[in-house]
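Each chain carries a letter (A, B, C and D) given by its place in the written order, and its residues are counted from 1.
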Amino acid sequence: MGAILTTDRLTKNFGGLTAVNDVSFSLEQGEILGLIGPNGAGKTTLINLISGAFPPSKGTITFEGRDITREKAHTVNTLGIARTFQVVRIFSRLTALENVLAAMVDRKHKGPWSLVWDSFFRRACALTEDKEACATADSLLDFVGISKYRNEQAGNMPYALTKRLEIARALATEPKLLLLDEPSSGLNPAELTGQIDLIQKINAQGTSILIIEHVMKVIMGISHRLIVLHYGEKIAEGEPKVVYNDPLVVEAYLGGDSDAQH
Amino acid sequence: MLNIENLKVAYGKAVALHDVSMRVEEGELVTLLGSNGAGKSTLLKTISGINRALEGRIVWNGKEIQNQPSHLIVNQGIIQVPEGRAVFPDLTVAENLRMGAFTRRDEDGVAKDLKEVFDLFPRLKERRTQLAGTMSGGEAQMLAIARGLLANPKLLMLDEPSLGLAPVVREAIYHVIRQIYQEKGITILLVEQNARWALKVATRAYILENGRVTMEDTGAALAANPGVQRAYLGH
Amino acid sequence: MDSLFLQQVLNGLITGSVYSLIAIGLTMIFGVMKISNFAQGDYSMVGAYTAVFVMAWVGGWLGWIGSVVAAAAVVGLLGVVTERLVFRPLMTRWTDIDMIMVSIGLFILLDNLAQLFFGATPRMIGDPFGGTTVDLGVASTSLLRLFCFFFAGITIFCLELFLNRSRMGVAIRATSQNRFAAQLMGIDINQVYRITFGVGALLAGVGGVLYGTLFAIYPTMGALPTLKAFAVTILGGMGNIRGAIWGGLILGVAEALGGNYIAMEYKQAIGFFIIILVLLVKPSGLFGRKEGA
Amino acid sequence: MSARLRNILLWVVALAALILLPQVVEDRYFMHIAVMAGIFTILTLSWNLLAGYTGQLNLGHAAFYGIGAYTSAILAMQTGLSPWLGLFAGGLVAALFGLMLGFPALRLSGPYLAITTIGFAEILRLVAMNWVDLTRGSLGLSGVPLLTPIQIGDFRMQFYFERDYYYVVLAAVLFTLFCIRRLIGSEFGVTLQAMRDDEAGAQSIGINPSSYKLAVFTISAFFAGFAGGLFAHFARLVSPELLALHNTFDVLTMAMIGGLGTIAGPILGAVSLTILSEALRSMEEVLKIDIRLIVYGLLLILTILFMREGLVGVIKNVWARVKGDS
């Protein structure tokens, strides 16, 4: 199998604050790797670094043997890494279908001007009338279970479903690695179960997954391995059960047993 | 003193608090625990009148105060020290403190409180004329708390006061919180990451998960409860 | 040094001080409310016309001072009213584009209302000093222009006093630095908006009297001060008051020198050349801070 | 399929009405207004492509209009290039300037972008004022040639009267409309709207916002320049006024009132405001005052405050209510 993604001594400073400090880990092909840690531990920053939202201060990121440390977000995506966001970032004025269609464009080979050319000489009059493209998009909407909202403006969809739409949109770019930033935040217990099933279904199709999650039920249930961040540093790594009982991790979550008074 | 009944709050379509009920009695130190995104900050913001409550009531000394503008809520003595050391970076330390006393007209009382605050935080006295933006994280957090004290709070709400601080500084902050509670006798609603410490000082505590209160008990009882660890680390 | 050069620098500083005054109002409003007000120059226009009417009624010295006071009052009030009616409703569903466009609507409206009421004929504000000139050795200027310069300086000084010493002034600065924390201090955010907008407009109004004293007054004159104020504000960093003071003086001097040594025809475009150059190098302005975290 | 049929029918009827209009109304003044409404429709559609579909506020759009007009006029007057080709040459030169403005504009947004684009237009306006050898300065270029006659076999069409230009402009509007509809409906258009709604989200699916913004700046400028060429050969006078700020403000008002970010909106806005402003101008004789722009300003403010979706939104709501009731 081998690692699909490796980070080496990754560090990110914001002004005086070190959000991610010297983090090295690797993600195996086909794996679901969970990323946990208390509030402010640097989990989202780590995902932002990998997805190219901003460059690291130090360290390298390697994806499929290629150094992607300095690549911009859009390039990272065309190389095969897709992501979702902690607070959904869907295209609110487009329909669910259009959200997915927008992601299906072959951006690796086509820039803006070739799309301009295409709009006059290739496709059906409108993208939404392109049967082939719509069929693919529909199957993705169906896969995440929101076909019903196909023609609904994304901004009008229930929040829980926009999280699924975001996943469908990410899948539409045919990623080899999917970065999920708290896919179940804001969901109720019933919706939670559906989300777990969905993530496992995606993984079953061969997509590697890096997932940040604070709902322990979710993360313990689906991760093959866990990484724990605390103050930007990796403090534990390994099988969920082992990590769960690691005293360092318990300490990070519950706080030290110390007080100036004692 | 403060009663929250069936509170519901949402950001757009995302419901952040479903049906939250809790209370704070005079002289208590109540702790609010919960993981990232559980809705703790949202709750504080709603009490302070920054977020709108969709449903439910917030009752302060017998009066409904939900959805009142924030300055009226501050006027009634409900003071929040926001998360992330939100001081005014381009104001001096003295000016920051003066803003803390913004709603007060009793100059003598403010002067007296200022003296007390300087006793509590001698560092701030030294740095009166320094711009707040140039201070270290711990100092800024001290300033934020001092600023809150100058408002003469009846209820002081502290949002993650130790977040992102080095262990030594964190201890100092804990020490100050104890002093404020025990020596000044100010009622405190505390949101804190460090569950173990927070439960030790708290008279009572609530655990918030995904916008719902899932546990409520005395601090000591919760600290002894094996379920608390589970609430943090899984079911 | 070449006396023509110094003469131009002096002229530039005088004009620049007026730019600063108008721009400070703009930058204050932006700093606190994040509104880019394209109608700012129209507040100056209204101030200038107020002066025309007051001066027609009371001449000379007293008239000039009286017109500044009247302009401050009239335009300040206009600012408060427009804030309440036009800008406040948008604060809750704020987008950059909406704010800019609504202020453009206000700009079009005020511009053309002025044409309707005041007619297209340009007006002048009389010189209360009867055209006395002052010889400063290396350069000379009229007493009136020198007076304008000092008056602008005094106004800016008073504003600094207000912002640094008064309770409300500090609250305004606090709000521009962290709106959320300011609310938690019990600052009534709407009151801060009202006062900020009122003061910002007032400064433009006073600036308008000075502008009208230096240049001609006509209904569509507002466009130039608006554009100048934006150029100054961008030079100085949006929301930065000190930056606006320096930016105004720099623009004034650059225009005077550029107009004289490079090309008179392009004098009005110099500000734009500068800001385009500045923005290419530093998208947040010369004295601007880095935005975001 | 019936909805589609109804759409086609609607188009055919509207087109027929527009073609027959000059046969019914013979008034030259009215035709003049209709031509101007058409030119402003193209301008507004092109501005809206940038503002409505990518969320970038370009306040220097009149510069592209002016560049197109000057290019087409100067080419026809000095090189004798056919005005028909000149229209497109004007568009292309404007597009070149659009690309040029697009580069700095990429890094800017909000007030910074607004003021930079104004500055761009003002600088070019001053160039038009002062490059007397080429532009005859503030006098402007008068006597710009008319569009040359078209001869196909025995069929000869001359362009002399307003009515003739009406057909040219109608064709130009349809051409623009066709292009913009194709662009908006395609992968390209969906990409733009995705960027507008959430830029970070767009980047996460592989969209490079800079390159798309640049492309839209260029395309938007092309159509503005094209409209400028049409104006030059119709009015036969090109002056620096064309580049002035108030022209951009007119366009912006039309787009807003019609409905930003839609295709019908700019058309609706341009046509209704042109008609409204003529109606107000005729009132001027009665009222003795020109209230045209006062109304513009007021309408713009009211639209943003109370009907953010513009006329298109109002019509949609009314339509939904009618449908709901029946």
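Going forward, a contact is a pair of C-beta atoms (placed from the backbone, for glycine too) under 8 Å apart; a residue touches a chain by one contact, two chains touch by 3 or more.
Nothing here was measured: the structure is a model prediction, and the numbers come from that model.
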Hey, what chains does chain B share as contacts with chain C?
-> none
Result of counting contacting C-beta pairs for A-B and C-D, higher pair = C-D
Relative to chain C, which chain has the most distant C-alpha mean position?
-> A
Can you check how far apart chain A and chain B are, centre to centre, with Cα atoms defining each centre and the answer in Å?
-> 33
Chain centre separation (chain B, chain D; CA means) in Å | 55
Please compute the C-alpha centroid of chain A, do the same for chain C, then give the distance between them in whole Å.
-> 48
What positions in chain B touch 2 or more of the other chains?
-> none
If you go through all the chains, which pairs of them touch?
-> A-B, A-D, B-C, C-D
List of chain B residues in touch with chain A within their complex = 12-16, 18, 35-38, 137, 160, 163-164, 167, 171-172, 174-175, 178, 192-198, 200-201, 210-211, 228-229, 232-235
So, in the complex, the side of chain C touching chain D is made of residues 30, 36, 38, 86, 89-90, 96-98, 100-102, 104-113, 115-116, 223, 227, 230-231, 234, 238, 263, 265-266, 268-269, 271-273, 275-276, 279-280, 283
Can you list the residues on chain C that touch chain B in the complex?
-> 167, 170-171, 173-174, 177-178, 180-190
Quick one: which bits of chain B touch chain C in the complex? Just the residue numbers, please.
-> 48-50, 69-71, 74-75, 79-82, 86-91, 95-96, 98-100, 102-103, 147, 151
Listed in rising order, chain D residues that touch chain A in their complex are 179, 182-183, 185-191, 193-194, 196-198, 200-209, 211-212, 214-215, 219, 261
